[in-house]
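Consider the two complexes below, in which chain A is the common component and chain B and chain C are the respective partners.
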Partner chain A sequence: MNIKYLQYIAICIGLTVVVFSCSSGDDDTGGQTPPEFDRAAMLANYADNLILPAYSDLQVEVDQMAADATAFESEPTAANLETLQNALKSVRLSWQDANFYQFGPAETVTLRASLNTYPTDTDKIESNIENGGYTLGSIDNIAAGGLPALDYLIHGAEVTTEQIIAAFTTDPGASERMTYLVDNVAFVKSRVDDVVNSWDPAGDDYRGTFLSEGNGGTGVGSSISLLVNAMILHYERFMRDGKIGIPAGVRSAGVPRPTATEAFYGGYSAELAVANITGYKRLVIGGSGSGLDDYLEFMESDELSNDIQDGLDQSINDAGQLTDPLSENIENDNDGVIAVFTSLQEVLVLIKVDMTSVLGITITFQDNDGD
Partner chain B sequence: MIYPINKQIYTLTIWGLLALFTLACSDDDGEGIDPPGITSGDMQVEAGRGTEAAINLALNAPSGIESLSVSVDGGTAEDIPVNTGATTQSVTYNYTIPAASTLGEQFTLAFTLTDQGSQTTNYTATVTTGKLIETPATYEFTRDGASSVFYGGQKDRLDMVEEIKSVLGGGDAGDLVSEQVLLDMYANTGGNGGGNFTFTSDRQLKDKTFAPDLDDNFFEDLFAGGAAASTNGNKGITASNGTAGLIVRENSGNTILVDENGREFTQLIEKGMMGSVFYNQIFNVYLSDDRTGDEVENVELVDGENYTPMEHHLDEAFGYWDPPLDFTSPWPEEREDEDRFWSHYSNTVDNVSNGMLGTNETIMNAYKEARAAIVNNDLTTKNEMRDELYESLELVAAAVCVHYINGTLSSLDAGNTGEAFHTLSEAWAFANALRYSPNKKITLEQLEQIMETDFGADGNFWNVTSMGLNAAKTTLVTVYPDLDAVKDDL
Partner chain C sequence: MRVAKNITGHLNKTTSIAPLVVFRVLFGFIMLVSIVRFAAKGWIKSLYIDPQYYFTFYGFEWVKPLGPTGMYVVFALMGVAALMIMLGYKYRVAIVLFFLSFTYVELIDKTNYLNHYYFVSIISFLMIFLPAHRSFSLDVWLNPGMAVSRVPGWTIAVIRLQLAIVYLYAGAAKLNPDWLLEAMPLKIWLPANAHLPLIGPLLQYSATAYVFSWFGALYDLTVVFFLSYNRTRPFAYLAVVVFHLCTALLFQIGMFPYIMILATLIFFPARFHEKFIAALTGWWHKMVPGTPNNQVRPARDFNLNPKYAILVGAILVLHFTIQLLLPLRSKLYPGDLFWTEQGYRFSWRVMLMEKAGYAIFHVKDRKTNRQWEVQNWKFLTSNQEKMMATQPDMILQFAHYLQQHYRDQGLNDLQITVASYVTLNGKRSRLLIDPATDLTSIRDGFSHKDWVLPMNRSPKTATLYHPL
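Entry: the complex of A and B
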């Protein structure tokens, strides 16, 4: 064999290897493409370790409140009132972890609007008590029911415990007021029970829908799109604005609205805000499991993931400086409150613009037909 | 080398058989002269109605051709000119298919050739009425090179509703709205809406309104209510339960004018006219047997026009839908301003994320196929497409209603009650539009339940609850199962 012949063979082998490797690359993409992020596992973590436990905890607290309301109705004592007040606070704290998931069952029963529309309309509440014939959950009563209405009913505005009890026992219209209280507790319970049953695999099994393969993509209507849109809408409108911005006056030409705080009558709005932001961070990181932070890191956006988490830590810290009652904090030192708003605003951009861009999720809320 | 031999034998056999056949069939009088014959490749001929079907005949008569006649469907035979005495001749006979014939109708043409020895032979051809045109890609039809489509009257009425809407928009912004202006625009007083239209027209909306709505003063009452409410709006009075006035839409910051039950006048009137005029005219007039049934004139053109009455009636039904002529699914976003009213709302529910409803294409195809079928006098297809139009146009109204129910739920949920009143007004008006089809799947009882109870007890939007909205949605999805797969995505 001469050398030329060897060269020829070598070239042939070389070409064959090239052709072979090219064709195998084309035909068998399975082993060649970069691995996909396991969204299914992440969604399962959200469903089983965050959403379902949050609703379940909320249901436990609401059941307790219902029992305490019944006890107060039969024995309207100062001790039973205090127990009920504490139960309401537990419900409201528990709500801070359950309020992020306004899609599917929660949207169907308008859970957030039913449970937590504030500031509550005290005139409407009083007129409902006086006139009866109200439908809790209707648009007309959207600001006259739910947890903020209970806040008003059992704490009252600048009144003593004795006066509150008298309003339910001896004052004119006392029994109607008690009925309104009990109706509201039942209203809250029915909505929460509906949502729990809808998610329940043994009930309507929305969990199954949420985790179904068909909803596993990232398009509009996919489970991750619903989750991310709901969490961003919540952040912007109900956490940043509702809990901080609106009471601090950022939506009213700088004129503060202290009565627009979440728990104005109970006076623990700052505590609720801290709980909500803390819950938000837990939501971003998926608790101790696979979360949006992992998804971002998988997409090589570690810095963004870190910035979001650091920003939320900063907001938790800033909100921790607020004092209750938040309404008084606003009146005495509104700058400190506005600082929390600013701190929250910085993270919003990261979540709403940068995170959705990396994950390829379209913002669908504020959908306006333009007519 | 076997094949060529076999082929020869085969060929000879065929000729032999043919010869035998010809002999057996000929009217041989035994004088020993070969009988005449007709050959032709045209046993089955197809052509559009009103056009000529050509049948080519090859005649031969060894004793000389005497005459050729044709009888259509057993009718009186008529002579066809021939070269008398010739032994062979090629003749092309052009049969004019009656313009009134329907697609697929067949005509039997029996030709009889007589030779000079009085021997005869027969040949039969069948002429079938075929299509004059295939269904075009766009809604464009011509006759003799000129368009045969015209629906200027419909465009005028759509323009009128647009200008009425813009007057109502003033009320939403807090301006006073004049009842008289609205009445004049509705009845097109003086051909220019009492001076309120930017154009003139001899058409009007009022005389095309669903008769029972006219009886009930449906629009007149809304005009009066809107005008009265606008005095509240003009004072900046915020609407509340029992009080008409303005409500802020949270997404835009704009206000809307609502009645004491929270219903937005602009939506009730604009969408109300989409139902009571546009859908009413499509459903109860132009798609009815009276205008597009099999008995409607479809041969003679309307005096001075380039269309038959039936063609024009379908075009008028199309004009009330008024899409771009090449409308389809999905429709590109950059061309969204080319559709309006019903075609616009078809597009709203056309391309939803979880599988398209695809109503743009379904409805567009139905219109195009129906129109082509009318040209072809294809009554079966025309009637199938009319059924399709009834069904799909109704589905659009139901789907848009669900779309706005969903919008209301999410607005309520987001705490945007102003948006909720707006979207609920839309949902109410689209439910209302379902009333107008004589073939509707939903019952009037179901509609009343949705509009007067589910959307708020006692017909009052202030009473609406998520339960009521979900009940209405369930009813619609049950009656229109096509919506089931997309009910949460609409």
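Entry: the complex of A and C
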């Protein structure tokens, strides 16, 4: 008997064993409905019913804001200013649903850092207006552009409506200030348009990449890994810390920093925080479609799934107790703000530790520029 | 006495050098591939240059990375050494260089500890004492006088023994309730691969996880025996290939499957390896016609210089005594091993648990009574943070690092506590460390860490962050 013959037999037997062990796996559950979770359908739900609509809503609001900015530029009246202020708020509220997806196109154009780096650098803004020659979106201007910069420009620090309008019309450097406002709106619009086009099936079709079979696993770089890592990074650094923890002083050796709230000048930071946590819960449950909660339930972790949803409801409720302007809430009753931080912290553990472990998703995110 | 005599006789009985030589070539080859892959993935930078803090092993705090240039040089040397091992060029220098550079890198940061890195370290250590270059090597080609065709049995037996220890301890470690009765963690890991073609859908069945778990344990416990007998060897090796390729497909475990697939060839008889060498030689002569063939010479035996025989014998006996005892040290500690990880490393506990955690460090300045939370990511890479969160000794090391960091800022009366939430094999997360323990008052060591909470009595949450 030569070696070749032996090898042939060995391979045959080996394959038989493999097939047998696989089919015995079949037999054990043969009578029952096969357990199945359609991860591809879940990802499609995320793409089509959460991500794409969130971006397109954001785009609609940004377009409206751009139109309102143009109107304010040609007619800088109190009414037009108020319209623009409301438009900015609408953009910032719709951003709360679009800010979770910092991977793929959003990562390419550094969408989050471009749109929402705060606290905004007012000195840098003033020097840009005075000196001109700025490039919005460059690294040294990251804190001098985007929505928080607009917040500063059109609300101002403790000034009257008349003073704001004067700054854009009659004060020295008024026209440069108006240019900076318009440039900034255009900058925000261009970044949002880029991301929308990149996801668009008729454009760069990142949606197709996101839903492709090759990215259907759970390993590093798979679509679900990108999504879950992005949402956890957002939760930790930008929702829990950025909106609540940092202003409350949790990260600054216990010294509160009320000016580090998200909409410090407009004074609706608490409202944005509630919107963000509400959006987060929608993200976890996949809106009305198949979501991470269903995936957890498939993995026999119903209790965990419920606790995460209840915890987020609790956080929404706790954040709802905050009053705007949040900066004043921090100065007057920081304990209440820290209570929201603690409540968010408890859910984070369930999402970052328990959920990813049950779903077999590796936490891989690298350090990122923050807002 | 008779048994002892038999064993000694067996160990000194000469046998063909071929298995040893093929092992050397394949080891050098797979190490070279591993190092090139490691570099190509950018891991030299992300693991040994980027971090600002490194988790050293207890007693090896003096091991420090060498900075960007230094680390690239170390890896370059390691790669060159692997190539020299493969070619059998200045073998003794190469194998010592490889062992030292590889082990040095592994000692820099326990974040990156992997059982198979440890395996590579000890195999390369053993190879220092083996005449693996005395045939089919550049050394012999350049200096035909050193060629031998037969070696004492022990030179091959040590590698087989080391492999047997790895498999048997890995198998024994699988004999635990979670693995056998709950099919954990495979019940979590397998469905994560449900998108794979053909076998994917099967992986969603919990029965599949049980089959894999039991087969895995059985495989580890028996494969060495089946590899040792002529009649069972082909099937056993097929099992080796199928098993390790399965793990390569399903888990992110890098080069380990391929290393084991090649290493286990050492169990094949000399005839197999001689054919392998003949095939390689034939291929070489085809590729480079006209190479003089100076491999043909009368049979000659390798004999260890008696001057060194006692020394080498003592080193090997000591080595294997440690190898046999070290994995058992976890029995000296109370508590659940998977939870406390006291005695977990260096014990061939491979792919045994799904563990994840999140450690929140609370700092309180006793002078001002101010308190805050640490942003771990400002000090650690995401990989370090992830590994630290589940391992008590690393949590303590990081707390001490934080203490030093704040002391440098002038804060020298701090209390540092940690709320570390850990999930093990899909169970709900619980606190790993007593959240009331001030870690600045704890010293690291080999004694039992009583500040690690017992798994079954650990509370689910701690409300540590008292309002300021």
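Throughout what follows, the second predicted complex is superposed on the first by the 329 of 371 C-alpha atoms of A that agree within 3 Å, B and C clash if a C-alpha of one lies under 4 Å from a C-alpha of the other, contacts with A are read in each partner's own complex, and residues count from 1 in each chain.
In this text, a contact is a pair of C-beta atoms (placed from the backbone, for glycine too) under 8 Å apart; a residue touches a chain by one contact, two chains touch by 3 or more.
Just so it is clear, the structure is predicted and the values come from calculations on it, not from any experiment.
Asks: Could you say whether A:359 touches chain B, chain C, both of them, or neither, answering first, second, both or neither?
Replies: second
Asks: Under the stated touch criterion, which partner chain does A:255 make contact with: chain B (first), chain C (second), both, or neither?
Replies: Touch partner of A:255: chain C, not chain B.
Asks: Is A:338 contacted by the first partner chain B, the second partner chain C, both or neither?
Replies: After superposition on chain A, A:338 lies in contact with chain C alone.
Asks: Is A:39 in contact with chain B, with chain C, with both, or with neither (first, second, both, neither)?
Replies: second
Asks: Which holds for A:139: it touches chain B only (first), chain C only (second), both, or neither?
Replies: first
Asks: Residues of chain A touched by chain B versus by chain C: which partner has the larger set?
Replies: Looking at chain A, the partner in contact with more of its residues is C.
Asks: For A:107, decide between first (touching chain B), second (touching chain C), both and neither.
Replies: A:107 contacts chain B only, not chain C.
Asks: So, A:348: does it touch chain B (first), chain C (second), both, or neither?
Replies: Touch partner of A:348: chain C, not chain B.
Asks: Do chain B and chain C touch any of the same residues on chain A, and if so, which?
Replies: In the superposed arrangement, which is not itself an observed complex, chain A uses residues 219-220, 237, 365-367 for both chain B and chain C.
Asks: Of all residues in chain A, which touch chain B in the complex?
Replies: 102, 106-114, 117, 135, 137-140, 142, 214, 219-221, 233, 237-238, 242, 365-369
Asks: With touch defined as at the start, can you tell me which chain A residues reach chain C in the complex?
Replies: Within the complex, chain A touches chain C at residues 6-7, 9-11, 13-14, 17-18, 21-22, 24-26, 28-29, 34-37, 39-40, 213, 216-220, 237, 241, 245, 249-255, 299, 301, 303-304, 334-335, 338-339, 341-342, 345-346, 348-350, 352-354, 356-367.
Asks: In their shared complex, at which residues does chain B touch chain A?
Replies: Against chain A, the touching part of chain B is residues 241, 251-252, 262, 348, 353-354, 407, 409-410, 412-415, 417, 420-421, 456-457, 460-467, 470, 488-489.
Asks: Taking the complex as given, what residues does chain C use to touch chain A?
Replies: On the chain C side, the touching residues are 188-189, 191-196, 199, 201-202, 204-208, 211, 215, 234-235, 237-239, 242, 252, 354-358, 360, 365, 368, 370-373, 375, 377, 381-382, 386, 421-423, 426, 428-429, 461, 463, 465, 467-468.
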